[in-house]
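Scrolling down, you'll hit the structures one after another.
Shared chain: subunit A. Partners: subunit B in the first complex, subunit C in the second.
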Partner chain A sequence: MLAKVTSFALVGLDGIPVEVEADINRGMTSYELVGLPDAAVKESKERIYSAIHNSRMRFPVNRITVNLAPADIKKEGSHYDLPIALAILKAGEQIGGADFGGLVMMGELALDGSIRPVSGILPALISAKKRGFTKFIIPAKNANEAAYIEGVEVYALNTLSEAVALVTGERRFSPVETKSFTAVLKSSSYGTDMALVKGQQIAKRALEIAVAGWHNILLSGPPGAGKTMLARCIPTIMPDLTFEEALEVTQIHSVAGDLSEEGIISLRPFRTPHHTATTVSLCGGGNSKIKPGEISKAHKGVLFLDELPEYSRSALEALRQPLEDKQITVSRAGGAVTFPADFMLCASMNPCPCGNYGSTFKECTCTPAQIKKYRAKISGPLLDRIDLQVEVDGVKYEELASEEGGESSAEIKKRVEKARAIQRERFGSPMTNASMGEREIKKYCQLSPDCERILKSAFERLSLSARARSRIIKVARTIADLDYSAEIKPQHILEATSYRNFDVKEQ
Partner chain B sequence: MTYSQSELGYIIADSLEGFTYKQKACFLAAVCGKRGEHIKYEQILIKSVGGGVYNKMRALFSSEAYRAQILERLDARGIVCVTPESAEYPERLANIPAPPHVLYCRGRTSLLKGECLGIVGSRRTPASTLAACKKFAGEISRVMTVVTGVADGADSAAVKGGLESGNIICVLPGGMDHIYPSSNSSLLKSVEERGLIISEWQPHIAVQRYMFTVRNRIIAGLSRGVLVVSAPKKSGALITANYAADYGREVFAFPHSLGISAGEGCNELIKNGAALCTNPLDILGAFGLEYKAEQQPLTPGERKVLCFLKDNGRSHVQAVAAGVGVMAFEAVTLLSSLEIKGLVARCGGNNYEAV
Partner chain C sequence: MAIRGELRRTGFFGELKAARYLKKQGYKILERNFRCKFGEVDIIAQKGEVVAFIEVKTRSSDLFGMPNEAVGRDRRQRYVNCARFYFYGRQIDCTVRFDIIEVLVGKINHIENAFTA
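Moving on, here comes the complex of A and B:
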């Protein structure tokens, strides 16, 4: 007899329905699995065999053929165990009355017959829903991932026997209850706050501007100045993730297989790849299954590159294109996959090799040539995409011991949200100031003659490089937004020019 | 480029390789010097290099093919030679003990005849001094020509200031094909276009250590006075100042506060009688020159910030904000504006200093 079950294959974040067909005929005992399975899928036979036996059922002894259609897509991962097992049972007429119509299932089997969690449930669920599927069987441990999708009937089950009971109608199960995203949002916290950072008013202000306009930022400062701590506070002043954004982010992490118990990501990601990271680990890739890299995992959040000059040149240069396009297309021989990568880049570095350039209490021992060489490690085109470059102060002992903290993240966040609202209204889309092109700059950043004059003299006096111009204007636009000012005023331009340490042609 | 016979003599004699300055000077005196002295210098030179070599020198000197080759090499690089026989050769330079035989020039050679001020300083110069150096160079170059080197730090700052008017001469330590440090080649390119770069070495000669000191005598020799903006106890800037003093030129120096190593040499100079200089007019006044300084209007806020910096010296933005009674980001705005006006300098780590 022939049996058919539907499952899903993932290509990037896209789910493609896969028909799992099992056919049992008379003949010499054999088991054939066809349809471009990879090693993990091929090995499923042994797991299925034991799982069926240990669920007090019988693995048919006949000529078994299992086909995964369409046969031209490579099938990867362990989530075909459950559909294959059920298809075999039905084809062997042990669960003859089972109804698989419109049902999508995914799950890995353990030898004892229990269902293990798998990665990529959420993106598969979302694409299946788009294709009209509404009924699902998934591993119980993945239940939370499915809990935020409305309009679907999801059964999160623990064992193969339960799955059998469900499809044969022996037992009734209640579908996973939908949870409210706002409740999760309220209960989650970043565990840090701007109020905990002592001093650093310039850097805090710069971070506020950066977040308000979604500008990338470079923090430079002596070792131990608190660059990392500041960076960790960035997500705390970002507007909360919307449900749609959260789903997008969760899908990426679901594919990467690093979702937590909660099932949905409600906090903005903060990724800190070490400087030994390879290009592939940053951008995504992989041998058979293409997985998202750090920049995609930082989608809608912060990618923090500590000690920027220490990263390999090729890894840094690879960031340039995603920084522009907000997504990355990873191409391999097996195909191309596009992952979203709309992250805010926050990088940190020392001002010079010894780290004490500009420090008030330690003398810098570097020669100008050494400093130049150190800074030249970051290419101009990459620096071009970093709108704000700020110095972080070295902290003295007295400051650390003092009580004075400053504004809390919540207060800053309120201002950021208002500035974002202004931007949404201006562009009529979720676009931000940082992604303005020349056309938008011309349209929305009209400079008064006064501002033009200041900008011109700034360029002459401070020997700024020409490409700093549009960057300064964009940042000035954001500062004006934070100031609720419709036009860019001279003081906005002036403040913007002060966040441009590295643009000065040379010191 | 066409040269007179006597100019050619200098150019060709200078192109002979493997001889010292003195030997070349003897050779010049022997082949085209005053009548009656030929034999004397010939004898000296033969004693120094040997008769065979001397004959070879003479043969090469009179070879038309060799002359054509040398001139072609210079023309190909767009280099103009100025020799003591040329009209452009400045008298001041000719009066020093060992004036260069040839100045290889690129740019406006007319600058050589002007009134020059040498500006020298250390490569490691504090940011506020750099800003002051740039400002002085900018203002002085409107009436005089600024002469300096090509190093990072003070030299570069002086060049940037001088470029505002284009009255700037850079004296290279080696030949023109070898810019040192190479990172300044783009800066030199603009000097070449708007000012003048000179060297006493043939273009293909690479820089060697001793050439820096030798070059400094030209900076001092060209100038009516030398301004030392910064100098540690042992530095090239002090060597230039010593040359200037030896040649009877004025020496000016910026005062520095105690405990800054880049200022020790300057303070020492002042102690020994150099003119303390705090205003471009100090220098111009010494030469009987003047210019009208532009007064930049300041807002009340800017004036307050500037006063605070002048009273307290180098200060952090937060200190300025607290002192003036504004928010930190407002202080940043005011400081930026003052920086653009050239009145304060940013010296790293969000610290600022009045210029």
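Moving on, here comes the complex of A and C:
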């Protein structure tokens, strides 16, 4: 007899329905699994065999052929165990009355017949829903991932026997209850606050601008000045994730397989890859199953590169294209996969090898040649893409010891949210100033003759590139938004230009 | 040669016991010691639509491991080849199964579907 069950394969974040067919014929007993399975899928036979026996059922003794269609895409991962097991049972006429119509199944089987959690449930559910599937069986431990999708009937089950009872109609199960998203938000759990950072008014202001317009930022300063501490505060002043954003972020982390029990990511990601990170670990890749890298995991959050010049050149240069496109296409021989990568880049570095160049507190001991060599590690094109370059100098003792706290993150966040609201209204979408194209710049960033004059002299004196010019305008637009000003005024342009001081220093 | 005769007696005793056991279980014995150019099959038995090719392994002690462990890859392949040969030219609609019957100090252990083609 022939039995068919539907499951899903993931290509990047995109789900493709996979028909699991099992056919049992008379003949010499054998088990063939075809349809481009990888090692984990091939090994499923042993797990399924034990799981069926330990669920008090019989693994059919006959000629068994299992096919995973379409046969031309690679089947990866362990989530085919459950659909294959049920297809075999049905084909062996042990669960004759079972109805698989419109049902999508995913799950790994343990030898004792229980269903183990798998990665990628959320993106699979979302694409299956788009294709019109509404009924699902998933592992019980993945239930939280499914809880935020409305309009689907998801059964989160613990064992193979439960799955059999469900498809035969022997027992009734209640579907996973839909949760509302706001219930899990907790913005206090970042464990840090802007109020804890003493002094550093300029840097704080720059961070506020960066977050408000989703600009990239570079903090440069002597060791111990507070660069890392400032960077860690960035998520605390970012607007909360919206439900749609949270779903996008969660999908990426679901594919990467690093979701917690919570099931959905409700806090902005803050990724800090170590400077030994390889290009592949940053951008994503992998031999057969292409996994998202750090830049995708930082989607809608912050990618913090501490000690920027220490990263390998090739890893940094690989960031250039995703910084522009907000996504990355990883191509391998097995196919190309696109992951979103809309992150805010925050980098920190020392201005020179000894770290004290430009500091008012300590003398720099580097030779000009050393400084030049150190700075040359960061390429012009990458620097060009960083809108705000801020110097973070050390803090005076009086400031450190003062009880007076600065503004709290909550206050800054309020201003940021207002600036974001202005941008949303302007673009009619969740777009931000930093992602404006030339057309939007022309439309929304009209410069008065005064502003034009300032910009021209800066352009000539600092020998800025065309991209740097439009980036300055974008930053000026954000500063104007924070100022609730409809047009860009000279002071906004001046402030925006002042945040490109890295370019200046190089002269 | 004395040892050889002893061994043959043990094996023959085991096969006899296995055949008796199978009959009691409702099997019809089709062949005993079926020989072909691929080798020998101890017992071919049928029950319903299942035709079982059975290797009988007899041991008088478990000092050297369980009897079924002694059925290696070559032996299994031999059985598969013999089965192909057996059905060649015969039109039989059935399921083919490969079993092992262990006879250890007179005790019988029937392992159904012990290996697959």
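As a working rule, the second predicted complex is superposed on the first by the 482 of 507 C-alpha atoms of A that agree within 3 Å, B and C clash if a C-alpha of one lies under 4 Å from a C-alpha of the other, contacts with A are read in each partner's own complex, and residues count from 1 in each chain.
The definition used in the following text is that a contact is a pair of C-beta atoms (placed from the backbone, for glycine too) under 8 Å apart; a residue touches a chain by one contact, two chains touch by 3 or more.
Since this is a predicted model, take the numbers as computed values, not measurements.
Asker: State whether subunit B and subunit C clash or fit side by side on subunit A once the two structures are superposed.
Answerer: These partners fit in the superposed model.
Asker: Tell me which partner A:L462 touches in the superposition: subunit B (first), subunit C (second), both or neither.
Answerer: first
Asker: Of the two partner chains, subunit B (first) and subunit C (second), which one does A:R26 touch, if any: first, second, both, or neither?
Answerer: second
Asker: Where does A:S50 make contact in the superposed view: on subunit B (first), on subunit C (second), on both, or on neither?
Answerer: Touch status of A:S50: no partner.
Asker: With the two structures laid over each other on chain A, which partner does A:S312 touch: subunit B (first), subunit C (second), both, or neither?
Answerer: It touches nothing on subunit B or subunit C.
Asker: On subunit A, which partner touches more residues: subunit B or subunit C?
Answerer: B
Asker: Which partner does A:I202 reach: the first (subunit B), the second (subunit C), both, or neither?
Answerer: first
Asker: Taking CA centres, what is the subunit B/subunit A/subunit C angle in steps of 10 degrees?
Answerer: Approximately 130 degrees at the subunit A centre.
Asker: Who does A:V61 touch here: subunit B (first), subunit C (second), both, or neither?
Answerer: Touch partner of A:V61: subunit C, not subunit B.
Asker: Rounded to the nearest Å, state the minimum C-alpha distance from subunit B to subunit C in the superposed three-chain model.
Answerer: 73
Asker: For the complex, which residues does subunit A have touching subunit C?
Answerer: 26-31, 61-63
Asker: Could you please specify the touching residues of subunit C with respect to subunit A in the complex?
Answerer: Spelled out, the residues of subunit C in touch with subunit A are 49-50, 80, 83-84, 93-98, 112-113, 116-117.
Asker: Please output the residues of subunit B touching subunit A within their complex, sorted ascending.
Answerer: Residue positions touching the partner: 123-124, 127, 130, 152-153, 156, 160, 181, 183, 314, 316-318, 321, 328-330, 332-337, 339-342, 347-351.
Asker: Provide the residue numbers of subunit A that touch subunit B in the complex, in ascending order.
Answerer: Result: residues 199, 201-202, 205, 221-222, 351, 357-360, 364, 367-369, 372, 391, 393-394, 454, 457-458, 461-463, 491, 494-495, 497-498, 506-507 of subunit A touch subunit B.
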